[in-house]
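Note that the chains take the letters A, B, C, D and E in the order they are written out, and that residue 1 is the start of every chain.
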């Protein structure tokens, strides 16, 4: 089966600034692709190109095996939620939602049914007769969602569709989208800034930066085996600790203030260059005794800061000249200025080359 | 909608306090002063049309009529002589209606479509075409009379109402295109994008999204075209023949009598009658100046 | 069945009534008359329409045209030949030589005359003259003296309207009065540069400047008939205007010789302004028949009499009895005959009888510019010669 | 086939208008240019005869006056009508109770043909009948307002009447523009502490730049073609003090039967338009292109 | 010292729908008030009313002791970030930001300095010459922030200012705002949907629902002692467990499937009505042995579901007929279908009245 969406060598410029550089992605039917990346990296632009709303500068986009270069947006059979909503200001909410169906000649009864369904899912039944100008931000966003959800396209494009919703509603909407995905086997490209959204929804995540794809992979791959320093740093909150370290045979040496360097032994480092960056997520550094396993190794660290945060307590220590965060249970006895034995789970560690940022293991 | 209209105005908050009240009153005073400037000639015309000829000769220009008579109006409508016929403006009036209504509609629709293309469906050269059309607004009509006459003759519609409609449409679309284009460029292109994704085509987007947004500029365009066409004299007199002359030509005939006693009251009444449809259009169309239609469509 | 679509600018009052007479006669003779009046601008609007219709190949059957314009249109090759009617009716004998020339194009008849207006009239309010002890002036000096006297008495001496053709009307009577018929002919008909630049012309402009002083300050843009009304109402004493002004007096119930006086402007000669109809080349038997019938009726004695009674002018054909006409018309007729014999029967330049539009317009531009500013007479003369040369 | 049709649909919609403009505007301009090099009199002729018509034109003092008048009149009329129209639109935008009525009052002069309002204006401006007489009647004996009959000032009466007639329409145009501005942005500016006049001058008006283009074109068109107005109000007088190129041209073409001369004056008129409008158009369309 | 903002009995209707009902809030100088509530509950409307952009229907708003009813927005000396950004479309980013200063006559040097400062804080230096239309969603949002940040007003109003930023940037912006707050002692009203933002930024949180204030308090109060069921449910993610229970003297009785009800003893319940809702956050239910304290009581529960979620593992059990979530450490041996001893921290428990939702303890 041909992939539902295949983007190869895509380039896109505005004037002389190149926004997208050599993008290659493909997704199969039923895939849920989540695009993440810092603000301004070209996510919306990429969606616009897929939808055919911006002319592309180079490369090709295939939907369902067909080259889309000369196909107009309306014939691409996609549904899209715009980051800026782009609701039709003169139409009521109901008409905003049914417009696409009407245009496609869906019969009135189906329109009504779908409208009711979607309105209920999105909890906007009460506003169906209002104009967009009379809605709150979150309500507008849901209408924008509704406009896409009533459709049954080959491909959904969502551009940060939940950013203006409250946490509760967002969780509900997330599960609605997930249901939609399962029920219809819909293919989806989804832009979000919400890491949880990305992790829970995606079957595939694409991390972009400055118009270049950094990594494509499943959420687990992205989270556990980031392809480079950027991805490591970008994904996860609080971010992964990136600790400068030196390789000594099968040992890793990390500086700590006021004491000899920590020495951790890890057979994986054999053959790596001398200077590396060691990446370890806060949850993989625990208080000694609270984490067991063959790869767990302990070392005493000077605690600089203790930050209780409701369900957890974060402690910060300086390792390799960097502030390193560890996530501890709430009952920890850690106190600033004192020394604490921390357990490092070396089974989860990533190594990067300091200069190129490339992953080494 | 009225609520929206009120709330988006910069001065939307009710202002009280002495300074505010003074400001408000000053505003109204200013508006009324201007209203006087605009009304003065109309006042003169209306009062004159209601006076008898004797009173006009003897009295002051700005005086109110002593005894009001509608005789002049009746004469202007159905009795005034132009040439040997004494039918007033009535028959010509209908010529004008038959001429103006289709011409205004056609030129407005064509202009709206053109403006929509130029503003939202840019293709290479669209701006050049637009500039060329704009420049066309400036061609002096006297220049076009003779070659146009020739072409109308060749097309076989010389001296007919369709011929006149044709001429007015041709020279009207420059303006209507200008109006609509310049209005449509202020509408965010995201709307077109959204509608395209929704599967709407060129015309669908135009009628479903743009038309409802166009009310104010539609009003402007209709006002302009209707005024231009209804009040046109040069084309009317050149491209009509007996029986298809528009009301302005008849009005001109009534007003410009080279001999005889000048019946100013009839002239004025005739002028006002001739202007009534335009006034009506203004009053009716004016209602559709509504604010804030784009509010809430787009962030940023 | 004869058909005629008639383009004219006789839309008001007496004129319209006269046209109605023609239409009636036309109908009585079995014809169908389509009226196409276009008023305004002394026929400018009608001329505009005419051009457009000729170019679109849809010319009206008959058009009110006069003076050299007839020949100009003929040169464009769009006028029909009506010699058949003219010769059958013997127009050659019925019209004064000078007038007949205007109706002919390269020897064939191409237009039918309606009337003869005299342009060099001076009209006066009888009461005012009497009160101030003034006679109708016969020289321009007398006129100036009378005017000064009137001015001293608080009366506006000269009623005048500020339209360029009115300025031109006064101008040509002054040219005729100060320069005489010969000078008029060489200056305003032959456009002899010497005559145009002569001292006489300087004097003419001096007189114009003097006369400007006799006009009230509100004259600008005033219609001629409003000026006539000023004379009627005793606001002003004199008006220099063609005999269509008489129609105004008569319409207001004034009696010539009693309420108002008519006299020729100082000096010899007779300036005429002849209205006429030209026939355009058209397709179709019925229209051609209509043209012939129309031509015949226009020159018919009945129409000539009725029309001119209404209009204040005199008939073009010389054989109409003038019994029903007033004293001014009778005087006009006599003067015409006399002038015709003495060679002083001259076409009016101000009313487009003497010159083609471009040249007449050039002269008028100078006259009106001078009259409405403080230009010196010498400058005006200089400008005049330049303008005329430039207009060729 | 349908795909081709669709991608070219916008062009096809524009095409008929474009062709019409090519023929009926540019074709006719070319025709006029041709005729301006001939000695056409009553009707156009087509044998070329050099630049004689232009020489005649530039030798004519009346044409000088007409051009000077055009610049004076055009500058004053366009300038004042724009400012006034905008000012009125802004005033009317202040939640005026009787907006509908006032708008109609400001707008109605457009409805009346100048053929007759000219008469009313003539009366009002006539020193013996109108304002001057009325004010003197009130006892101010030395009051003078005689522009209409003063050759040096008559052109200003034309300006006055032209503004009277057109400023209402300009107001309508601006009002439509004002009302297309997004209310949220105005709110943002209010909170930013921007005084109302600055909101207009720095935020609303710049976003109406295209509307200015419309107004400018409309007004220039009216200025260049002002014809009825002059004819009705002053007839070009006193003398030819208020002649404009359009009246000059009309006089040449239709009263004087000098079509060659009319054509050459038309060409000069169009050159003037070109010189003024094209740079403006260029900058305006340019700005929109970024 | 008078409060900087005092809202009393504020009401606001659109037509016949009442959006805000009897709002009473006051904040002191230097307070950081965070407004939270479900989408459409009236948060933006409240900000608009404070700013004077919407006429109020009743009540009063005092800023710095002055009644604002007839004061126009521009004279209120507030800065606001709009949910919809509302950038000036014709001005460049730099002009958007400096325009307010320019109007107030701030000298050029200061303008430049402030612009540079803010642009750097917001990481928008590269776009200063662009028009808003040429920016990405997140960039626009930052410009909107910048417009407010260069000002030095009495009061800042922020309407979801970070919703379109990626997690990293959001954390950075959050700390910028926090710094701003500390440095200037600025008074801030802030709308957000992000619970972490609310908890970390606020000195005071207002929870709204349907135009009515549900609770006002410090983040700790709101989190630990929610005033009613709505607040309990709304704040915190995952949400607080709300378990129907019966009071038996000083004991609480909770049904569990397939076993006798759990009996927990809590002296606080003395005197409460018989039927109550017991609220306990997931992090206050731990695996037996992992939580110590005098108030911790254990009970065996049937585990329905085990959800590993990176740093934690959630287990779900049915108690009192409701699914109850507990947050366990990752090494838990819990398995679906088996029974596990859970430790309930009764020191953290809240009791609510089932009908009114009112807090009882």
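The rule we apply is simple: a contact is a pair of C-beta atoms (placed from the backbone, for glycine too) under 8 Å apart; a residue touches a chain by one contact, two chains touch by 3 or more.
What you see is a predicted model; the values in this text were computed from it and never measured.
Shared contact partners of subunit C and subunit D, listed by label, are B. On a Cα centroid basis, the chain most remote from subunit A in this structure is C.
Ranked by C-beta contact pairs, the top interface belongs to chains B-D.
Relative to subunit E, the chain whose mean Cα position lies farthest away is C. One simple way to say how far apart two chains are is to compare their mean CA positions; for subunit A and subunit D this gives 59 Å. Centroids built from CA atoms put subunit C at 94 Å from subunit A. Subunit B and subunit C have CA centres that are 40 Å apart.
Shared interface positions of subunit A, defined as residues touching 2 or more other chains, are 72, 83-84, 134-135.
Multi-chain contact residues of subunit C, defined as those touching 2 or more other chains: 41-42, 48, 51, 54-55.
Shown for subunit B are the residues that touch two or more other chains, namely 4, 7, 12, 145-146, 148, 201, 233-234, 252, 255-256, 292-300. Residues of subunit D touching subunit A in their complex: 3, 6-7. The part of subunit C that touches subunit D in the complex is made up of residues 41-42, 44, 47-48, 51, 54-55, 69, 72-73, 75-76, 78, 162-164, 216-221, 356-358, 360-361, 365, 368-373, 383, 386-387, 390-391. On the subunit D side of its complex with subunit C, the touching residues are 41-43, 56, 59-62, 122, 126-129, 146, 148-149, 151, 154, 231, 233-241, 250-258, 261. Those residues of subunit B that touch subunit C in the complex are listed here as 81-85, 145-146, 148-150, 152-153, 158-159, 233-234, 237-243, 245, 249, 252-262.
Considering their complex, residues 14, 36-40, 42-45, 83-84, 134-139, 142, 159-160, 163-171, 193-195, 199, 223, 233-234, 237, 239, 281-283, 290-292, 310-312, 327, 329-331 of subunit E touch subunit A.
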